[in-house]
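Two complexes, one shared chain (subunit A), two partners (subunit B, subunit C).
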Partner chain A sequence: MQTVLSIAIDALAYGMVLFVISIGLSVTMGLMRVVNLAHGAFAMIGGYIASYAARDLGLAYGFAVLLAIFGTIIIAVPIERLLYRRIYGAPELTQVLMTIGITFCIIGIANYVFGPTLKTVPLPGELQGSVDLGFRAIATHRIFAILCGLVVAAGLWYAIEKTAFGVKLRASVDNAAMAAALGVRTEIVYAVSFAVAVGLAAFGGVVGAELLPVEPYYALRYMVTFLVVVSVGGAGSIPGALVACLLLGAIDTTGRYLMPEFGEFFFYLAVIAIICVFPRGLAGRAKG
Partner chain B sequence: MTMTTTNDLIATAPVRRRFGGGDLAGLAVILLVAVIGYFLFPNNLALLTRIIAAALLVLSLDLVTGYCGVATLGHAALFGAGAYAAGIASAHYGINDPLAMLAFGIVAGAVAGLVCGVVILRAHGLPQLVLSIALIHLFHEFANKASSWTGGSDGLSGIAPTALLGLYEFDLWGRTAYVFGVVLLAIVFVVLRLIVRSPFGMLCRGIKEDPIRIRSMGASPKMALTKMYVISGAVAGVGGALNAISTQVVGLDSLSFTMSAESLVMLVLGGTGSLFGALTGTVVFMFFEDVVSAANPFHWLTMVGALLIAVVLFAPKGIYGTAAAFFARRKEAQ
Partner chain C sequence: MKRMILAAVAALAMGGAAYADTIKIGVVGPFSGPFALQGKNFKAGIDAYMALNGSKVGDDDIEIIYRDVPQADPAQAKALAQELVVKEGVQYLAGFYFTPDAMAVTPLLTQANVPLVIMNAATSAIVTKSPLVVRTSFTTWQTSTPIAKVAKDAGVSKVISVVSDYGPGVDAENAFKAGFEAAGGQVVEAIRMPLATNDFSPIMQRIKDSGAEGVFAFLPSGPTTLGFVKAFKENGLKDGGIKFFAPGDLTQESDLPALGEAALGIQTTFHYAVSHDSPENKAFVEAAGKAIGNPAELSFPSVGAYDGMHVIYKMIEATGGEQDAAKAVEAVKGLSWTSPRGPVSIDAESRHITQNIYLREVAKADDGTYYNKEIQTFEKQGDPGLAALK
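And then the complex of A and B:
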């Protein structure tokens, strides 16, 4: 029973971190139809900035998180202007090559600037230790990660379903040309969504630094995981991504707990099985 | 901006000749470069043999990516399957004849190609890409865990090929291995040249352009692509077996994501959709890598990334494709 509970908590926390990082990828992929392999690299940049701010500059955790989000957005926006802009609507192979090139560059630079060692983001006192639920103690950080995921999911749902910007965003996802003809400034929608996506990636990178340690090969190591979430959940679907994250988090964590030797093996096997059964994703819709 | 390929150039050339002067010239160029390489780098034949093995992998990738339009980041699975099959045949079963090891490599590569093809071709777009990445990780994990067979992360050693045809020993300088590799490459090149120009090759190109139309014409795109995947696997298996025979060790890196990504980089650098493009890209990339990565492997990664971005932005047809288009334009102008 204890094992089941700890697996469930860890799986939930891991799934939520995955969700925070990959939801931005899912939305931009649904919106701009860009296969962005560099998304994990932005999460990594966020982790590095937070680690530098909190550990080397001694700033408060909350401030480090904000710095990471805005720092990553400032780094990412010129990249979007200069490079991504040119591959919108290009064939997949082009997009894969361009974004994997960006990933390689970021890995090389991160390694040059920060060195090949693992970087930690020191947690503030309030998030260390554990919370006693009466029958079981749970690490506070796990609860924090789960809460962050829920807040992000709720916030995004509200922004997309209830605000004027969300209406424009959904219109652009469904039919960019028609939305533009009706007066939606699609390039602004694109730029804002990209910035939000990158900011969320950075946020997830910082919050999840305990579960997905920050190091130069972060971007490559978890690239598959983030892409898997999007393709399993279906690009552009928030509920799909949430379900996919919880499912994959559960498979991965259970595998690690029960069969540490073969954990990865079963994770990839499950991924292949899921995609073979649902080639368009769990909540996927036909390409418009 | 689109990633155009050199298919259009070839498609306009007359296809009636099954094996024309252009192919003979191409074969002559390959052999000439091989001879020049032999005399320029007599002390570094191991590198040249490695380049040939990589060239076979890139040719094999070109078959599915360049000719069929399947974007895959897991092609090293086929190469690694060939390498491990040849290595295991020698290290565990005592089958040390290089040609028999090669046969094992080809069969294993073809089987891996069939498996990967059946799985990868189930989806399109992003899920397809994710499937290919998941497959290469799956193969990698499997080889890592089955360490009693594959040696795990230590690599598979104990491969001892006997003399080729009973006459030519694999010497310390790698001369036999190099000549063996050049002969294999030449044979594979000729065979592939025939395949991509056959009606079957044309069908694959048609599928790349418009699968729905091909289906309405009565052909099955999936069957054709699966077949191409098996052929591609056999070619990659040749490369893997050559690698196992020449280096006498098989490491997990032959089944790695990095290797898959690098082979795609080589292909795109040279130009997709043309066998010469694949060869050009491999040679340029491997020489470049040999020079730069000796200095600093991490700068190497940054440079590969920058190179990739530059190719996508400025030469989407790759080195060979750009050069071929340039000469075609000049010919037209005259």
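And then the complex of A and C:
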């Protein structure tokens, strides 16, 4: 019983970290219809900035996180204006080629600027160490990651479903020409959503850094995981992504405990099964 | 008669050319991509050797030609080695970070009349594939066997083995098991994890549930190591008194700043620590640190490359700059010298390096950095993996 509970907690923690890192990609892919393979690269930039701010400049953790989010957005906005704007509505293959190219460029630059070694984001005292749950210990930063995931999920859901901006965003996505005709400035809507998605990527990169350490190949190493979460959850759906992360986290963790020799067999088996039953993901919206 | 004249003419022509000739050495390694750091270490070791010992042997200039194989890719390694031999006319092949790459090149050596000096690839079998292979690095068996004795001496009799599921991981598992059972211990469970594991919490739960008093772990150096070592601490295993044993790949110097506090006190066995206290090593670290740019990036492949260059220089001396692979290899059999890692020699039979293996503990220096502190020496260790092959 203890073991079952223990696995459940690990699964929850892992799933929430996945969620925090992948949700930004769900926004770009689902709401903006851009297959952004450079998502991991933005998460990595966030990680590097936070690491630099906290380790080399000695700033407080919270400040480093903010700096990472806004720093990454500042880097990403020109990229959006110059490159991404050309591929909105372009065929998927064009988007994939462009974003994978951006990814390779960022990997090269990161390798050149920060070197090939691992970088960590030092945690503040409150998040270090572990909490004793009675039957086992769990790292405090994992609990922090779970909370961050919940806050992000609630905040995004509210912003997209309940605010005026969310309405404009959904309108622009479904029919850009009509939305523009009705006076919605779609360019600004897109730019803001892109910035939010990149900020979420950076936030995920920092919060998840304990699990997925920051190094130049981060951008490619975890790309498949991010894409899987989005496709299983259904692009653009916050609850879908949340359920997908918890489900995949549970399957992966249990599989790894019971039969580590099978590797990621169960993870991908589950992905295949879910995609067979729900081709658009658990909460995917039919294309309008 | 005709042939003799021809041979004489050829010898004259070649002799003329060999006088103040340039001898080329082809080095294959990962100089870009995820393993670029290890390639950089190759280059730093080679540069350090040439800075300290000159770039000439006798009258011959030495020229290094680098070729990049970013990830284990036997076909590409073989193609590049062929190109080095045929087009560039190298007299020596060296480098090789990954075993499959080295294995792919061994069939070329005899026909090409070129010795191969392995500067890293750590699977025992490579030296058996061709009589022209010499290795100056280590094998996973060589570094993993002594830790079994350390574990037993620490009073641990039940150990769970956790390794990454690939060649060297399996080697480490077998080496530890053989050593530990010979010492009277018991490996209660052996887990092989996929290389792409990010979250190690379930593995930690398995370790806890196995009831073992210690864990033996092997993962390739780099990002996964960090996750594993942190998970070990955060899931309460370290504080729960479970002892951690591993070969030194887990605490390579370039990973230590990231591992930090979590790695403190971990005991590993390995052939080289950058902190090794000897005048040879001081000179080496200074030269190699300058060559690599950032001394914190210095790690074990650099010393393999440094000693590899030593062996090649000796080969060139012995052959007088002529291309004679068999003579060159013959000349370094039994060669012994003082390397930055300590006293070493090339075993005449296996052509693998015999060296001291050190037990080290991750400790914190006065300036707040972490280093591998050598606390015990296992002298003159050969490669037990070769015996296991038979």
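A few comments on the model shown:
Convention: the second predicted complex is superposed on the first by the 282 of 288 C-alpha atoms of A that agree within 3 Å, B and C clash if a C-alpha of one lies under 4 Å from a C-alpha of the other, contacts with A are read in each partner's own complex, and residues count from 1 in each chain.
Note that in this section contacts are C-beta pairs under 8 Å (C-beta built on N, C-alpha and C of every residue); 3 or more make two chains touch, one makes a residue touch a chain.
Computed from a prediction, not measured in an experiment: that's the story for all the values here.
By the touch criterion defined above, A:Leu66 lies against neither subunit B nor subunit C after alignment on the C-alpha atoms of chain A. In the superposition on chain A, contact is made by A:Ala13 with subunit C only, not with subunit B.
In the superposition on chain A, contact is made by A:Thr253 with subunit C only, not with subunit B. Legend: residue contacts after superposition of the two complexes on their common chain; A:Ile75 is shown touching neither subunit B nor subunit C.
Judged by the touch definition given at the top, the superposed model places A:Ile102 against subunit B, while subunit C stays out of reach. In the superposed pair of complexes, A:Val192 makes contact with neither subunit B nor subunit C.
When the two complexes are overlaid on their common chain A, residue A:Ala171 makes contact with neither subunit B nor subunit C.
In the superposition on chain A, contact is made by A:Glu261 with both subunit B and subunit C.
Once chain A of one complex is fitted onto chain A of the other, the partner contacts of A:Leu150 are absent, as it touches neither subunit B nor subunit C.
Across the superposed pair, subunit B and subunit C both touch subunit A at residues 111, 116, 216, 261, 264. Subunit A contributes residues 29, 35, 83, 86-87, 90-94, 96-98, 100-109, 111-112, 116, 216, 220, 223-224, 227-228, 230-231, 235, 261-262, 264-265, 268-269, 271-272, 275-276, 279-281, 287 to its touches with subunit B in the complex.
By the touch criterion given at the top, residues 33-34, 36-37, 40, 165, 191-194, 196-199, 201-203, 205-206, 208-209, 222-223, 226-227, 230, 233-236, 239, 254-255, 257-258, 260, 294, 296-297 of subunit C touch subunit A in their complex. In the complex of the two chains, the subunit A residues touching subunit C come out as 3, 6-7, 10, 13-14, 111, 115-120, 129-130, 132, 136-139, 142, 210-213, 215-217, 221-222, 225, 252-254, 256-257, 260-261, 263-264. The part of subunit B that touches subunit A in the complex is made up of residues 1-3, 65, 69, 71, 73, 119, 122-127, 129-131, 133-135, 137-138, 141-142, 145, 257-258, 261, 264-265, 268, 272, 298-309, 311-313, 316.
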